[in-house]
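Structure, as structure tokens:
Each chain carries a letter (A, B, C and D) given by its place in the written order, and its residues are counted from 1.
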Amino acid sequence: MLTELKREAYEANLALPQHGLINLTFGNASAIDRAKGIFAIKPSGVPYSELRPSDMVLVDLKGRKVEGRLNPSSDTPTHRRLFLAFKKIGGVVHTHSTYATAFAQAGRTIPVFGTTHADYFQGDVPITRELADWQIEGAYEWETGNVIAERFFADNLDPLDYPGVLVNHHGPFTWGPTVDNAVEAAIAVECIAQMAILSLQLNPKLGPIEPDLLNRHFKRKHGEGAYYGQKE
Amino acid sequence: MLTELKREAYEANLALPQHGLINLTFGNASAIDRAKGIFAIKPSGVPYSELRPSDMVLVDLKGRKVEGRLNPSSDTPTHRRLFLAFKKIGGVVHTHSTYATAFAQAGRTIPVFGTTHADYFQGDVPITRELADWQIEGAYEWETGNVIAERFFADNLDPLDYPGVLVNHHGPFTWGPTVDNAVEAAIAVECIAQMAILSLQLNPKLGPIEPDLLNRHFKRKHGEGAYYGQKE
Amino acid sequence: MLTELKREAYEANLALPQHGLINLTFGNASAIDRAKGIFAIKPSGVPYSELRPSDMVLVDLKGRKVEGRLNPSSDTPTHRRLFLAFKKIGGVVHTHSTYATAFAQAGRTIPVFGTTHADYFQGDVPITRELADWQIEGAYEWETGNVIAERFFADNLDPLDYPGVLVNHHGPFTWGPTVDNAVEAAIAVECIAQMAILSLQLNPKLGPIEPDLLNRHFKRKHGEGAYYGQKE
Amino acid sequence: MLTELKREAYEANLALPQHGLINLTFGNASAIDRAKGIFAIKPSGVPYSELRPSDMVLVDLKGRKVEGRLNPSSDTPTHRRLFLAFKKIGGVVHTHSTYATAFAQAGRTIPVFGTTHADYFQGDVPITRELADWQIEGAYEWETGNVIAERFFADNLDPLDYPGVLVNHHGPFTWGPTVDNAVEAAIAVECIAQMAILSLQLNPKLGPIEPDLLNRHFKRKHGEGAYYGQKE
């Protein structure tokens, strides 16, 4: 069932350690079939080297396991919450990549310091508030999705203009129209986090680039006037 | 004799340079057979590329070589001291991994700044006091084990809740129910040390996460209510 | 047409991710045939792993596509502007390499702190001014080339004495007599940027090396009295 | 002639990029036959990937080329000066490795912050004074060897107790009884430089470890009472 979806999710999961975004089993990727309302996600705690496409677990948007021998990732409720909140996304990735996690741990957004950042995000990489005690003690992973959604709805951020977020004290979640885009966003977030920390080392008072440059770069790649890449 | 134990110790030793935790010959891993009271440990100063399972040296808990052509690691008395102090552990790993060693050299614990840390440690990664001169001049490696044990007994820390320590001015020792767990803890300690130093760069006054979040993450993976991974 | 030129450009493009200078599709290399006034450049947004020599796009110095199925890199007008401004160069490379980009984002030149730097640059790695709003809103990539040329003409810098520049808030462009030299300059700029940021960490008030040492090292490798390498 | 010596020097040169100590062609290794007074050294500016054992150039202690199609490394006079000054060494390595070069550029010694350092050096990694103008303008590479020798003779440092040095504004030279030991010292210097810069980040006022601990670790590996490794 949904063999192609499971393969996509599998390949996205494998791409994470290959790009140096994941140590041990810290991370997971999922891909959704919107028509069926079912997503494929990594099983919990299985080493990447032993993973097979058929190990992917199928879960529906109500959180019920539809198919799979193994338990789905413990972060499954966060993925589910994001698929419900952001209708336009087709894949979600979670990592504990080093530099992005450093920003998350320090409780800071990643400011737009250059064009590399502006190629992917229409502004700072946002950060969630801390979870309340009742959220931590309750349905913790679902509530993690809730504080992400809250952060986006409060400022009316478009999840395709901001393909990721830092969860406070935790690490990045990214997404996109496809799970491949979500992986690309995860690579980009780590890369711009590293550049940002180094830029701050060179100038601790550095401010963001001006809106004109931000918009120019973002629109080279996104929207109707985009001229980066090949038309398809 | 104890071929399987030697193979486990051998594979753990090889995993250390593969995960970038070791340069040259700085490090060693050991695995114990509790029933027999014998542990297998790396021979001293042998390059990882030349190591074979049969090179592992067997040592008993009194410190006598039971089998092996080669001299055991010069750190053998530290491993032995740890196996005696912490009855529940099955393996010990020692590295000079870069970021964890930086904390050890600076004489600082690694604070719990995020959930990556809380997945492995029930609090800060502890650090030992400096050895006294008589300890350095005497049975130095045994005394290294002694200051570790002293640190854990003083605060009544459970070695399974805190699967590692920084030896002051030296570097990390880690452990676990098996030597594989000890390797995993060594990877985790290096990873959280790097994240911690970067988080401190972004916020030099950063405090630890709140106890609720720490406990939630630690208990996702440990103890009776654990729900991370696959039931076996 | 120009098969050899396309192969040179192709190999230079492939060298960029191999040397860790590029993530995703952030970067491009081009090589010019000065006699024909035509250069070969990477197509826009094509993953390095899928690139073939025949994918290189041929463009003339008026900016017209001469040959190629695909769209040329969106940075093509910058390359063209540089080929027009600097008559002695045969290749151009653009990357978002991490440390060099950190300097570009912080708006700082890379100071000459040592002989590694002096082997490649006759002084600081220069940085452009910020583009004006009309430049960002207009022919952005062409204007990027213009601010580079402006920076070099204002101080009468020889592009072979300074084989690269940082574009403010963006990243490095490098060049040389051949595209291979441009790749080498890109590697060197990243390397000296990393050394410079670490040197500044050790001594935030560090000044440049003295002119005698700078000149000695630069002239070991460049000009009539050069004695580094093999005579050809 | 001296085929075995050339092979040793060749393998040492290849080990430098394999251990990440060298980018491009920044570095070289040499091995001496003390009985014949001849050393084998890397040819100048030849890429590591194209190097063959027979490319090594043989030079005598008067600086005359004894055998070889190619020009020897431009740093040959520094190697020769070191072989003359330090009678007990059998090999010399020069790199521009990133962290050690950062200390050299900042004009700082590498302090002994921990046991990793104490395993290799009997104290701080020393740094030379700056070369005088007449030294830079004259026989620059020979004079580079002279300031190293001057540094060691002034404080009566034993080159086997201190198997390397930082040349001010330049980078590390290391050595040892054999060229393999010189390579090992080059790896160790880079490793301890990285740990030291990170330790200083965690504690900018960090002082050196106490002499007892330094001596204990150094003597575990060196001298008559050494008990690290296997007796031969």
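As a convention for this text, a residue touches a chain if its C-beta (ideal position, glycine included) is under 8 Å from a C-beta of that chain, and two chains touch if they have at least 3 such contacts.
What you are looking at is a predicted structure, and each value in this text was computed from that prediction instead of being measured.
K.L.:
If you list every residue number at the chain A and chain C contact, are more than half found on both copies (same) or fewer than half (different)?
P.N.:
different
K.L.:
For the two copies chain C and chain D, what is the rotation angle that overlays their Cα atoms, in steps of 5 degrees?
P.N.:
In short, 90 degrees.
K.L.:
Which chain lies the greatest distance away from chain D when centres are computed from Cα atoms alone?
P.N.:
So the chain farthest away from chain D turns out to be A.
K.L.:
Just curious, how far off is chain C from chain A if you go by their C-alpha centres, in Å?
P.N.:
Averaging C-alpha atoms per chain gives centres 33 Å apart.
K.L.:
Rounded to a whole Å, what is the gap between the Cα centroids of chain B and chain C?
P.N.:
46
K.L.:
Where in chain A do residues touch two or more other chains at once?
P.N.:
In chain A, residues 201 touch at least two other chains, as defined above.
K.L.:
Looking at which chains touch, is this a line, ring, star, complete or other?
P.N.:
Per interface graph, the chains form a ring.
K.L.:
If I apply the definition of touch given earlier, which pairs of chains qualify?
P.N.:
Touching chain pairs, listed by label, come out as A-B, A-C, B-D, C-D.
K.L.:
So in the complex, which bits of chain D are touching chain B?
P.N.:
The touching residues are 113-116, 119, 184, 187-188, 191, 194-196, 198-199, 201-203, 206, 209-210, 212-213, 216, 220, 227-231.
K.L.:
Quick check on the complex: what are the chain C residues that touch chain A?
P.N.:
Where chain C meets chain A, its residues are 23-24, 26, 43-46, 70-71, 74, 96, 98-99, 101-108, 130-131, 133, 136-137, 140, 169-171, 197, 200-201.
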